[in-house]
Each structure stands twice: as structure tokens, then as C-alpha cells.
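Heads up, the next two complexes both have chain A, just with different partners, chain B and then chain C.
Then we have the complex of A and B:
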């Protein structure tokens, strides 16, 4: 029932030869499963691929790209399809290049503190693998139990620990990339200092699968922190909470995560856990601290207690036991479902502003909430200015749907006006494409197009994304 | 009313779609779905099946045999729902979607239909049980595929193999039920226990008998096989018969996690039905799992010195009924309990799933077997005949490294 026309039988046979019959999915029912991701794009027959091809090696990716390039067929790379902006949705059908069977961690080089892995490795698996050797791969997007490294690189994924440890980009040392015509490009390497030529590695990070297919990646690692602790600090207002985070960073007490929740989030959590809201609570910080041992954590905890005290906190709890740590984190981890439970639908957004603008953007979002009559709980990563407003609505009601989209427009506008960006860690994909040109301006757009045209002259790689 | 909607198929599919609308396709279910673990195509995952339901309901996909088979390829284990931020009940959606397709396309897989017909008639189950006893006596059951007739280990042979004569024979001393001292207790003997594990069922009755004079009313199947495979009308008829059969009991105790889970949830299927809503709710409130009842009644199993157990949580007991503590408490009193690393991971049994999809079920079981052997326990214990079929097979494959027993056989 798909609207796509069938591929030439010869071409299909070519794919089967390239990767093996057992790695090609052709049945209409099966390929339907590769037509969506975790974005709000509706299910649609137009985004159903004609074929799903699952290479296991760089050479196989290359063979597939040669065939696709020759026939000018769109190719959309896909890992776990856990992206939030439609990055792995095959907008024009064609081939979904599923990298989920390339799951090898190739080399853990402890001397250089680096690891190389294939794109289909799950983020958490790489983390755990390194942790067993006392090494630390910090990027931890919310979906890290599901998401794969290829997708993390394509979207330049962040996570809660970005405030102290940065994002995926900060860890990519080198890439092996299959280009649109099937040729294989190698970038970067294990040399920490490297200024030989353009930073092609950086070019591919965050390129959303539009410039090439990452077939292998080299990441740098850090030593695994020996101890971790969790603190929960409650404030009357978001302004006070944000000011407290800024004061911590200025003082050089950098938490490894600084998650902030507004009053609406706290209410959602209280509702889900059937507890009552603390009197006067308008904002809450869940802080993770890490260090060399219990003494280091104690020292940090005491300094944070003092700093937040000056910032006007009304509640402070430090987890003393493993169970308490779990309980405090559970509040943050359960937040998404608690917020989701408040309405039939949730448009979860991902904007990023300069840290100093955090309180102001929250104020503007609250105003948007009042103007549209829709609840918009805000949580986010206070330490890095990345926030996730959730527009709660019932999309089955056309009036609410219209107001929800109006709210999203307003949120983007507010972020841009305050010197922020459309996306902190989810990418542009399809869902933010209408805002892209306006956000970056004509010169940047032209530069993007020039890069795209140089690397993918037939525009077959992930068409219809970003702009 | 809950019977088939006038436009066969359409209304139930809309209901299934409603169940999965909360799925935002985040993929949290992917790492926990046992089927996606052994068959890495999107269609096999909970997310894939939720999307399939929407695709079918929204006219993006044509309903047909392939779709029906894809919807059958679900263990109903609820691991996905547990991991889901929005708690989407994929299992319920599957049950409803299967019904919708069965109503529209009219056919379900042959074997589940056969089982459905047999289990609907209690006399056939009794006959089957007698026939299997005969086959076992003659040793002929070995000619059938092992998963159809598992090799049951009796409590007697278990005790004989591992301990001295002092432990044989006499049931452990009972303590009067603490919660309902005068409650009229009835035993719900599920088809799996009656047909496939008669010794375990006798152990259950021995324990129940030590606590009170319990009833054994004549009753049919709990109806889960019918419900799960698009025979809702049959399920509702069986439910009504069961409600009537247990009218004279205050507590309905079962040693089958799947029966218990189904019976405890009966009320929801009769909501809005003036005649049956009340009786169904009253019946459901009386149902207890054996372990739940025993702990509430203060039963203390006799300790078996040196016995080491590991415990496999049946999906329909742990996630289905929230019962995790009671079986462990009983096992810790009976011996030493060593936990599995993935204790709540489905064993791949799931009713007739292991007959319909032997390769997938075997792959899932292989992981379970490795987990069991990793504990070093002598016995893997569970509380559902569906799991026991699979675990018995794993025990056979282990070459005697461990035994598989129902919890009533070791407490």
C-alpha cells in the first residue's frame, strides 16, 4: 500500500549481493517499521522506505553507496531511530541504511585513553565497556540505553553531564566515513594535537547523516570518577535556582550534572508519586557531583550547601546511601513520564540559550503558556543553558493542536531573541527545518549548501533534512 | 457490552489503537523486549508492533496473514510496559488487535485454535490429563515433542534424590490462615497444572489441605488462551462459568501465574455490563496466587538443609500481579535462594508461543538457561506451568546441572 514505486529488480539483487540476503528487508509490512523515529512526525506511507539494507562492514556500506549513487536513490542512515527530530525518517523513501548490526567495540586503547567502535554500538554499552577498565565515556543522552553511537555523532548528542564534561563533539577524535559515492574518508586520529588540514572530523559531527555515513569512530576518554553523589536543592523561584548554578560555576564547583525543574514539573512528580508539593517550592535542582572519593564529595557538598544557602534555597538534601542516591535520581528519571502523564500529547522541545538567559527564557515560556492556555512544564540542564519545555496538549483537538504549534513557534522565537539556538542536542532534522533558514541567515545557509554540494553532489544522503 | 462490535474488526482495532497512542516511539522498549533480543527487526519489537497497530488502524497497511502473524509474535510479557515512560500497555493492545484481525480475517493459527477448542471443554482437559498420565506411565510421552509433554519431576523424586528420609512424605506443618481464619478456600486448578504437571498440582493441594479443608469445584479453563488468540466470546463464556463455579468460596487460590493474572483482571472485561459487572468484580477480588495466600496465611515451609534454589519470576506473577516478595520469602525459608541476573526476563514460554515459534522460544530459553547455570543453584523454581514447560526443557538441556520445579514442590 505504499506510494513509493518499486526498485529495479537488478538493483535489489545488487543490494542482496552487497550485504547478503539476510541483511535486506523488503516486505512491505517489515519496511513499515523503518518509516519513523521518536519525533512527532506522523506515520505516513510516503516515508516508508522501499528497502532496508543492513551492512556489517565498511566495505559493505561502500558497495551499497556505489549502487545507490549510480541509481540516484535516496539513502537515509538509521541507528536505533530514537532521534527526536526525524533525522532517520526516510522522507523520500528509497533506502534505509540500518547500521544496527555494526555493533563491535573495536579497540580500547588504555595507554592513549581512546576507544574505537562501530556506529551501531549502543551508547550505554560503550560506556559500560570503558568503565570496566576504569575509563569514562561521558556523553549520556537521555536515550543512552537505546541510542547508538552513529546517531549520537550525527546529532552531536549531549546529555546531563554536558555541564562538566561537554557533548559528543568533545570526544570524537577521528572518523571513518563512507561518502555518497562509496569512497571511504578517514579523518583525525590518535594524535591529540592535529592541525593537518581542515577539521573534517568536526564537520561530520552533527551533520545529521547528510554528508556521509560514519562507519567507525574514535573517541577519547577520561578517567572514571571514583565516587559520585547526588544533591537535591529546592528554591522558591527559577531565578534563584539559576543564580545558584551560576555562582557554583563561578566558584569552580562544577557539578557533573545540574538538572533543573520548574514548579509545573514538581507538581507533575508529586502527582505521579502521590506525594504533596513542598510549601513554597518553585524550582528544584538535582545535582550530581563526582570526585576522587568520599572526602572530595563531602567538600563539594559543603561548598554547594553554602553557595545555595546564599542564593536563598529552602531545602537541601544530600544522598548518604546508595538507596538515597537512587531515590533522588529516580525523581529526575521519572520526570519525563510524570510530565507525559499530564496530557494526551506532549511536544517536547529542545532549545538552548546562554546560561545567563535561562531565567528570562523560562519567564517567556511561562508567558507563552498563559497566552496559549496550554501547560508548559520546563526542565533542563541548568548548567549548560539547554532546556526542554514540554507543551502539553491533546492533538486530537484541532484548536489545541493549533495553539500547541503556536506555543512551539513562540518558544523558538524566544530562544533566538535571547541569543540561543533552535536545538541543544536533538538536531534540526525535519521538525525544526522551517525555522532553520531564519535562525542562521542567508550566508550561513549558502555555506551549508556549498558543503553539502561538495560532499554529496547528487543530494542522495538523507534528503529533506535541516533546511 | 463487550461482545463483538457490529462492524466486526473495526471497533476492536480502534480500541487497540487507542491503547498505543501514548507510544512516542522513543525506543525504551527495544533493549528489554525478549523477542527483539533474538530477532532484531523492528517488527518484532514492542515499538514496531505498536506502530503496526496504528498503521493497520489508520489504513497505512493492509491487514493480512503477515500482519496477523506479526501481532501473534508477542509474549505478552509486559517487559516493554515496565520500561516505557508512558506505560503503554502493548500486551493489551496485542490482545485487542489479534481479536480485531481474527474477527476480520477469521483465522488464527491452527494450533492455538486446537488448544482453544480443547481447553474450552473441561471434560476434554480431564480426558487429556488421563491420557497423558497413561502415556507417562508407559513412557510413550517421550515420542511427542518435549515441549508438548514436558518431563515432570515429581516432588518425591526430587526429595529422594537430594535429602534423607526424614524429609519425605509428611507435609510441612501448617499454621492457621492469619488473614481469613474462617475463609472458605477453593483451589483453581488451571489446565496447565492439571494436564502437564499433576504432581506439582498434588503438592499444591497437599499444602492447601494442611491449612484448611479446601474446595475443589468443577470449573473450566481461565480463558487466557482464548483471549490471547482472538476468541473473546469464548473467553467471556468461560469467565461467566468460573464466576458461577466459585460462588461458594471466599478465596480462590491458584498455583498458575497466568490463570491468576487473568482471573484477577476479569472485572475489566465486564465493565458496563449490568448483569455481570458486580459478580465479576467480586470474583476477581477473591483470587490469590498460591504464594500470596500462603504468606498471608502464615504458612512456613519446612527447611530443606543444603537446598539451593534460584527463582524465575513468571511475567504474569511479577509484572502481571506485582507478586515478587512472597515466593522469595517462602524459598528463603525452605533453603538458600540465589537470584538470577535477569530474574524477570521472560523464559519464552508464553502459552502456546513456544509451539508456534520454537526457534525464537529456544533462543530466549538459551539465555535463561545460561543465567540459571550461572547461579549454581540445584533447582530453578517458578510459579507458572507455562514457565515450567520451558524451564524443564532447559533443565534437560543442561544435562542434569539443575532441576526445574514448581514452587509447591519445594515448600
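Then we have the complex of A and C:
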């Protein structure tokens, strides 16, 4: 890792001219605030940027990139810094390009059911803006109250509703991207069918800021579901719960969320809420269903009751009122903090496996838990095989820290052995980088490097990420 | 355009060793059969390959590519050659890599609802294979009885059901691709959520054989809809028909196909079927609906009846029996040949516009028709803005030929002006190549060239395509 020395005064003056003096941050105290994100990476003085530049327009981003490119200075784009793998950490210092001033929703095109917006718009704001017109922007990463669209695109964010509605990539119809040399690329558009050239739109989605700076995005939308309901189904084992989800999907009864939690999670919740654990409960599904109205929900609920009955459920509850709905969701929403409260530290992971391998990967994680002597509660999105094991430990204890990292290694190994991946929705960033080459193999690594070099020949964009 | 001279005897022997003597075709008469496809490109002796090589396995493809790469010989992959833009035409001669022996469906994984198959499998065969297990492979290009999966992937094939179910790219979960130098790249996998590195899978889909040879593909599937129905709705104008489709989609009543035809098409059909045109009919929708059972279809049909009533329809028919269904679909299926029968030649195009621009692009095409004095019936997929205008002419008449090409130019111009694209589902290939750079602009063209050069540094794969 190389760190930049102080930037040339001329260059700084160039940035000030490009974005306005007040939008160039240089004071050490202030730039420190742009050196970390929501991942578990330890703070590192080498990741402090030399300067933070806050452009307001595409043209301003372009001017900044022209200057950075000419001087070969690393540029790390930054949204809300709510990422979990260090994607927005300026690993080699240089420039942090903060997109927090680009917060306009540009056009809501109801006729074509599309919306275009700037990268600094918060996910929930876009959702709410569209919902007021009866339209639905489905991607709902857990951090959607703070996360911004640019970050969602960079990490191809998922969320609970991915099981029915897919992930961010499924909604991006077109992008405006400032490339490393400052040129402005437009991809895609409002034509929903388009085979004019390569899918550059899709290539930028999930590229973690290493190929270009997204300055505007066009998303497709869906009609807002008219009604939503929540079901809570309890099983003796994770196997039964997973089998029930599989059966639902095969039957074409697709819940809009299918959140699963294991016995350790149920225990954490019971502890946090000061309730007692249900007898025999080894797994629980919180299902959201949506549809055209109460009849559609009733029909789905009845079919899910029947399917989970055949799968051996021992408890079934459908929220009948808004309060009950709220109470059921509160259990899932409070889960992360309930689990975190069980130990001084929590290493939360994000692996993804073929749906059918969900029970097996949980069994292997349980074995890793026994072998390392650390508790590893598992929750996740059962409908799409994306799970979040939490390794609970005290990192201040060197022995526990070593065992925790051993557990994380084992979890990644298990995911890959079962045909899964290192990341379902958080990206590789810095924290999973050591595992990337092994996971994708040498030919893919070379292909990644070639594509990177094609679009960013000087390798100045978000260096040190992914591999 | 450069044409290769005869290949070295050593190289030919290498191909024979790689794939077996009987799978290397050299006779001029036979190789001529690999020089054209289903597009309107005139035959050209320069597009005749020197040799046709028919590998059976990934390893054999790899060996062929190593030899071709070493000798810098152009390689054009070929499936069923049913493409409409010349994608599989070996523009610079060299090697045609025919994938017609790679016809195995490898694994139908019902638990994960996925299927993997080789590139030479016909689309309809994959569909039927999955349907027998209650699973649904939705992409249905018009040519699906002959088109093969490799070609579908190369051109990101769409079809009638795209309005509800999306296009080929939406179903490709992973690929095995032999790169230009013979190395074998694996992308994606069975984990439905995956942000491990760049979306190389999506990059290869729609790349028209210019980035690699797909040797195996993994597709996701859906549950097979349990019931299907067909509706025929007649309107006075295309505007009303388009407005009706918009209203359906906004209401969340998404037909599984929404085929539209204009007055000229209706006339062609009436002529071909020796029936009379309905009084006042200026546009017609053939809608397919699908769902869980008869009740679900009835509910959709009633809602569509109401919505189209508000949009001013003058005729509504729901097929009640299998025979009626068949009769309604026959009208749409026979449309292309009914239109073709109206003139010696038909230049069938494939543009795509934002859904809301459908009526306006039809108006502009009508104006082009008047200006050129050529009939241009329009049909297409109203639900996703993808339309197929047919310029009717006699190409043997130089004046008509000139006006026909003027009409095609005008159609592309209209599509681009309205925010649309040159191709919705057929690709750019050779026939739309002259329009590509203008459509995407210089920055995108440069990005395409950079990505191409990154993955195929010697530019041997399907040279002369797209741009």
C-alpha cells in the first residue's frame, strides 16, 4: 500500500476552482471523518485522504477527475459510507470524492414507470418519493434509511425483498458515469429492451467504485403493491424452515421477504425482549406477503399455512392489525442489535449459497462454532440463499480474536465449497479481498484486471479494492 | 474488410486433432453453407469461411482457440444462424466455430429452479425439458423452434413474454466462456445473490460473440404458470391501444404478452386469411395472460376488459376454448408472413423506444411511409416499447431500393430521437453497424473498444461486428 504525500498547491487550487472553495475540505480533523465506513476494518492513519472534494454536478466531477487523472492521484468515491466491506475507505489516501451534495431526484416518469436521480439521494427518500405516486422502488438494503443510491449501485445492494423483487442491478436501466479520465459516459436508457452494444450499465453496477463515478442513474419501478401482510412461522429445525421456503417458491407462492433466524437468534431476541423462548423452537421465518388487496393476501396466507404445515411447522401467526404487523417486524429489525448485545464484538458476515444448500451451510457454521468455541447465530434471507452469520467474540482477547478470524475463514470456505459466494449483497471491498482470487480463480482474476485496466488505465479509481 | 487466404496445412491438421477429422469441414461447397444467416444481408463471397470446426466439448473449443489465437485467425461462433443482423456471418472469413454438436442439457436442478445446458441446445427444447418438471424458461424469441441458447445469449434474445418475464439476460446466472486465447472463464453460479467482482456474466450476454465463446450456461427458471389465456382487443387508433397497455401495467395487471398491430397489419392479415377488416379497426392487441388457475385468469380478464373499456376499445374477445386460443394466436403468428406476402421484399426492423413513445414513433413511421411512398406495417411488443416495422418494397427496382433504405434510416433516426435504441432484441451485428457509433456516442464507442481489447487483445473474435 502506498500513501500519497501532500498534494501540490496548484492541484488543490484546481479543485477549489472546480467545485468552489467551500467544497474542498483539507483540515486534518475534518478529512479524518472520511477515512472509515461502517465495516469492521480497524482505523488506519494511512487511509486518511489528503483532500475531500464535494462536487455538485457531473461537470464538476469531470473537472476533478481530469485533474486527478493528470496527476495520477487515487480517487475514492463516497456516499453515506454505510458499506460493510470498506468500499468507500480511501485505502491509499488521495482524494475522497464525496457525493453528498448530489441529492436531487431529477425526474419521476410515471408513464414509463422510471425515475432518475443523483447518486447522493438516500434510498428511502427515493422509495418514498415514488411511493407517493403509487410506484415502487424495491431495493431495500438494511441501511436504506442512510444508504445512498450511488453506494447501492457500487455494491449492487440487495435487501429483504430481493427474494421477490431482485437486487439493485435489476432496476438500473441506465447510468451517467464519469470515467477515470473525466470523460462522461452514458449507458442504457428508457427503452426496456435494448441490445445496442455491451451491457456497460450492468458492468458498472457492483463494480465498487473501481470503474467510474456514477453521476446519475435511471431506475425502473413497479406498481406499488396495494396491500402487505406479515406472517411468523416457527419450526423445530432450520432444515424444515428452509424446506418450507423451497416449497413455497416451487409452488409459485413468492413472499416479498422470507427472513430466517436460527435458535441462537431466537434466544438473542428473547433475551433482548425479556420474553421466554418457545418450546422446541429451532428456527423461525418472518414472511412478508404483498398483493392487490386483502383477498390476495388471504389467499397467499392460506397457501403458506398449508405448505408450512406439510413442512412440519410448530407455530403460525398472521398479523391481523397494523400493530401486530409492526410487532412481528420489530423482532426481525431488532435482531441485529439483539445479537450484537450478546458479546463485546460481532463479526457480521454476508455469504450467499445456492438456496438448496442453506441447511447444509448452517450445519457447517454450527460445526465451526463448536470447533472455535464461539457463538455464531445465523439469520438471513432464506428465499435467496443469502445469510448473515455473526461471529460473537471479544476482540480484545487475542486468543478469541484469532479464533474469530479462523471462524470467518471457515465460513467463507464452507460457502465456496457449497457453490456459494463470498458476498451476497455487501461486496468484496477491503475486508474480503484476501479471499477473492481464490474464490474466482486465476482466469477470472485476469479478466477482472483486464476490464479494470481498459476503463481505468492508470488505476486511480478506488485502488486496493476487490482484489 | 480483409479476407484470409488459405490456412496453413499444419493449422488445419491441428484443428483435426482437436475436434476429430470428421468435424473439420473444408470443402468449398459445404463451407458456403456457413457464410450467411437469417438476416437481410446480401450474400458476399468474402464472408465464406476457410474452415468450419465443430467442437463437442469445452476442452475442444479451447484447443481450437489456442491455435486460432496463435495464428491470429478470425473466429466466428455460430449457432442456428437464425439471427436477423448477421451476427454469425464470418465477415472476414477464417474459422466458423459451429456449436451444433454441443446439444446437451446438463442438469435440471429443481430444488434451486435452475438448469445448465450447452450452447447448441434449441430454445424450445430447453423450454420443453423444464416444462415437463413444472418449471418455466421464459425467453421466447420468435425463432425459438430453431434458435439455440448460445445465440440467444450472444444477442440477449427477447420475445413476446419479455413484458412480464424479461429477456435472456434476466435468466443467465452463470457462464462458462472460452476466451480468445483459449483460457476457460467461469462466471456466476447458483447463488442468486452475488456481488463477488464485476458482472462478467452480464457483460458476455448480448456481446454478439465478440468477447468469448459461451460453452455452457446456467439459467434460473420460474414455476410454470398453471393456466394461460388469450384476449383480443380492437381499438380505433394505435394511441388508444398503447394507452390501454400503459394503464394495465400501471395497475399492476401485467399480461404475459402484449402484441400490438396497426391497421396495415390488420389489413395484411385479413388479406391472407380472406376475411374482411373490422369496421373502424385501427389497432389490435393480442394479449396473453397467465396465472395460478381459471379464477386468476378470469380476474385478470375482467380487469383488462374494464381498463380497455376506459381506453375506448371497440372489440373484446376472450378465448374460452383451446381452439379459440389457437385461432387468436394464429393471427399473431401468421402476421410476419402475411405482411411479407404484400410485397416482393420486406425489410423487417427491430427498434425499441420508451413505452410512452410508442404512439409517437408509429406516427413518425407513418410519415416516413408517406414520404417514401412505401408501405410500412408496424407490429411489435407494446408492453416493452419494442416494435418491428416492415418496410415493404421491391429491391429489384433501384429507385424503390433507395427509398427503402431511406425509410430504414428514418426509422432508426426516429427511434433515437425519441430516446430509443437501434435494437430491442436482434442485436447490432453487421446490418446496424453503420448506425452504432452515432447512437452511442464517442465516449461509449471508446469504452466498447477498450472492453473488447481487454478480453480479446488480438481482435480475432467475430471481427467487424457491432461497430
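The working rule: the second predicted complex is superposed on the first by the 463 of 467 C-alpha atoms of A that agree within 3 Å, B and C clash if a C-alpha of one lies under 4 Å from a C-alpha of the other, contacts with A are read in each partner's own complex, and residues count from 1 in each chain.
Operating definition for what follows: a residue touches a chain if its C-beta (ideal position, glycine included) is under 8 Å from a C-beta of that chain, and two chains touch if they have at least 3 such contacts.
Only a predicted model underlies this, so the values are computations on that prediction, with no experimental measurement involved.
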Partner chain in contact with A:37 - chain B first, chain C second, else both or neither: first
Which superposed partner A:213 touches (first chain B, second chain C, both, neither): neither
First (chain B), second (chain C), both or neither touched by A:97: neither
Larger contact residue set on chain A - chain B or chain C: C
Partner chain in contact with A:180 - chain B first, chain C second, else both or neither: neither
Touching partner for A:311 - first (chain B), second (chain C), both, neither: neither
Which superposed partner A:27 touches (first chain B, second chain C, both, neither): first
Partner chain(s) touched by A:80 [first = chain B, second = chain C, both, neither]: first
In the complex with chain A, residue positions of chain C that touch it: 109-114, 134, 155-156, 158, 162, 167, 169-170, 179, 183-187, 189-200, 202-203, 205-207, 211, 222-223, 225-226, 246, 249-252, 292, 352-356, 381, 384-386, 419-428, 436, 439-441, 443-444, 446-448, 450-451, 453-455, 466-467
Of all residues in chain B, those that touch chain A in their complex: 21-22, 24-28, 30-31, 40-43, 45, 48, 51-52, 54-55, 58-62, 66-67, 70, 84-87
Of chain A, residues touching chain B in the complex: 1, 25, 27-30, 32-34, 36-38, 40, 43-45, 80-82, 100-101, 122, 143, 145-147, 336-337, 340-341, 344, 346
